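Labels run A, B and C following the written order; every chain starts at residue 1.
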């Protein structure tokens, strides 16, 4: 008996210790919980959202910034720019800006950053995704003016430069750094591996002083725990939580995450090589039924691979009606012409591609079966899925309905059109020379003309060719704690500017 | 019953619930024991002798047992009405108990000194005093070098020494009464005598009473003052030792005395062997701890389990091999079985060397030489029916009997060994120990062998059952003309049954010859000692 | 004893090397990291450069020799994910998992030994029922569910404990509690059975005849004899936790080796996978050797000479 008494007392004492478990924070510090931690913090890797959402525009800044609403490019570290020739651009830099280590922000430092970025010894996404093949070089015109030269014309150089983070000229070339030094409103304080990253406000910042003086980033891969942290006050913001955890209308806000889900169709392989069959597939899927059930009701039905924030997005395309009768009729027609509509078609998903994606493909497969198609459903793990996604494609493959998720948050359709639809595109199953020509042409144009041509590309793909089955422009849920006043936008797919967070 | 009695059991009844209804393990039992007195409780297994004694020390688990009736009066006070704490205070201090198998009864993971001291510590003696007392006790019970030995563990002692250690632990606080439950049954005969002598000595010194539970009449004869005989939970006879041994009244007591081996004549009425040598063991040795083939270089560390043993078995003979633990008889048995190979020497069956035979030949030999083992529970597969067990030899040697005849022949064998035909579909656990051994014998007969090797085949059985099984073996011997090799540690048993005898001591054969000769005129010193120790109760005349 | 440890260590070393070699080859069979690291629209040239840099273009045996040479210098290569030495990454994550195991196992042993012994002492009694209940609970409830429910109940609703993360001792309460469930469930039954055998031994009767108290009979006489199978199973459970209390680490955000291994496998970070396997296997081997030594300490009949 005595034994049990002492145990009870010990337990009670240890629980009665500070029950208020909010992390010790100052009035103007915040804690942000991310779904995953960064694997490195090198400024060259900023376009990767897992890194960018910590440092982009917080620690390091770019010369130009994307305006996701208006689909244009705004000045940031560069005041203005002009294209002096198809392969030459002049950028005028802001004056009086310093890096966190005291080095001056000037033409020399910009040139250094460019060289560091395009150096093949450093594998970084800014180079491989945006600048590969541009052969861009930067030269000094004067202390605050830089001339960019490319080998072939790059009409969207400012858009590309919106991805290049400028870091201090003291950052070593050819190797990764884990202490990013930039010009942003926050200094990098420390990164405790596996635990957190801390940023503190830099009071010598060139721009407006933000309210928050310290931000601690932690990560939890379990969404319900992240949501719980905000609920208990351990964190002030949960970057993204699963739809089923977003139960509190007051704190849980929706934002488009620039991901677009789509089924790619094997247009070379019968019976998918018959446009009637492809139309039938589009007609047979009841997209609206998913909204509000297993897909967020704030998601938008898609008509093309890119979202509304991308230059080239075609706002005039109309969504498919849900018409299974017509689908059946089309299939009957095709069958009468000898098309083998009874051939088994392989639907391929990937577990965890998005929340409830497993349920989604199961439901869709069933919808297709309802109109008489034979569907075999497979879920492939990332590595195998990648093998199917990219060329080379097996010549004797089954006809595929291939679930993909594409995120173009770079502001321009160029990052989608070629590799998804050009004959030589790595993930393209199409062989249309006219389309190819259009895609190439759009790539050389600028401004409204460029937009118009890309819009035509997407129109053709959607209306004429019916090359794929566009599904949804996806959304994320962010839980914003009661200390903060913030409404997320599509920009938050890749960044979270602390300066935009207001403390109540 | 003197009014000075220390412990008095009055009308004690203990019941155990079982599937077949209530078992009256102890039914209306009364006995008593006084200071300086030795009471023997004589009975076979199932008689209730252990249970009634265990109840004194609160060692009977209630539940499931129920003490239905009775009193246990210690110095006039009924222990059954005392609290658990009070009884615990008596255990070890006023009344002690020692048990049958000292290896199992001592905790293997604690040093023996610690275990003896525990008795003292539990009853309030401090550590330092306890330690000193332990050394004294070890000296008293005859353990040499007590300081060093106290730190050793039970498995580092011999059987006799372990029982001495148990005794030391039991007498540590000079109890008034010592209950000894079959203290010598697991020991060699020569050691038995020493342990009993020690008990008597301690009794003379301290005046404690002793209750000795046993099934062995020889023990009763040596040490008891008074005896009670129990059968099936009841006391059937009580009296002084002399009365019981010489003029038993109750039929059961008489049966027990009759069943004691060695009380009948020698087995000389058998005809001498008809000559042909079946088994020839020629200078067989089994040495451990040497390089194979390098016997001559065997150093002092080599263990000679069997040392140049030679004997022959002829048709019609029954050869008894007698020895205590460490004599090498078990090793020899293993070599006969083919489980082990001699390091030197040969074993020849019907002229052929067992060692060098091909597999096919060995297979054939096995048919002619069969075995019955000591533990009938372990040697029968509990999952097989009797039919399967008895017919297994025909399954292995498939050319002996066609399958359709198996069942009939199995029934035949069962009846021959004294069981019934309808036993054939039962399982071993449904039979008693003696019946199981009969089944094992039936199995051994299945292949109609010429030789049956019995390795301590009746040692695990009660006295009266032993007698029955020996009778069966004798019957089979005359009916079927079998030869036996009968390995045992009990000289009395062998005297009854064997025509020739071999005595083994420390790996060597120290004496061999016809039974009558060896028993009447033992030549070797060890044989003499063995005879004295085990046969004191047998009148010298044949 | 010293030579015994040396011999066992040597045997373990060989197993270790074979294991790491196996992992080396098996991991590379699973797919190219390039696809997982580079953006999907990276050009072929970029891909080639990446593989060149990482050495994935070299034939397998060349890669292997390089690996073995590096192993001799305890250099297991750079982590693809973290661009730091893989061994450093692993050694940083390992102590957390080790701590989890080190805190959990004593608790498991304490609960299971006490409950199991008392259950064996009185079969059908209250402790026996408790033991059965714990075992069922441990076997039937999925870790991740218990973990999340624990967070919801104790952190969110009752506000008694923090939701997740490391830091204060209170942060360890929920994770350890969740981790304790299954091993305790298994071990309670092992203790119970083992103790029942021990309690029916002859020396227990002797102890009772000497007047030893029930508590001493259970915990002094019977327990030490019943410990051997318990030690075996407990070491198995401990190795399991060391190998990665993945779910607990994931839910509670503990930067341990379990989560690291899973992530590395998904990302095909070969060097980290190899280093993690090496470190964990080493820990398991050490546990095994310690178990052997413990056997000899507990039962004086076991001696390795």
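By definition in this document, a residue touches a chain if its C-beta (ideal position, glycine included) is under 8 Å from a C-beta of that chain, and two chains touch if they have at least 3 such contacts.
These numbers come from a predicted model, not from an experiment.
Taking each chain's centre as the mean of its C-alpha atoms, the one that lies farthest from the centre of chain A is B.
Closest to the middle of the protein, by Cα centroid, lies chain C. Rounded to whole angstrom units, the spacing between the C-alpha centres of chain B and chain C is 50. With each centre defined as the average position of its C-alpha atoms, the distance from chain A to chain C rounds to 37 Å.
For this pair, chain A with chain B, the centres built from the Cα atoms lie 85 Å apart.
Remark: chain A residues 14-15, 17-21, 39-40, 120-121, 123, 125, 128-129, 132-133, 175-176, 193-195, 218-222, 224-225, 228-229, 231-232, 234, 382-384, 386-387, 389-390, 415, 418-419, 426-427 touch chain C in the complex.
Considering their complex, residues 30-32, 35-43, 45-46, 49-50, 53, 81-83, 89, 92-93, 96, 148, 151-152, 155-156, 159-166, 169-170, 250-253, 255, 259, 266, 268 of chain C touch chain A.
Those residues of chain C whose C-beta lies close enough to touch chain B in the complex are 201-203, 205-213, 216, 221, 224-225, 298-301. Those residues of chain B that touch chain C in the shared complex are 54, 57-59, 88-93, 96-97, 99, 101, 104-110, 118-119, 122-123, 153, 155, 166, 169-170.
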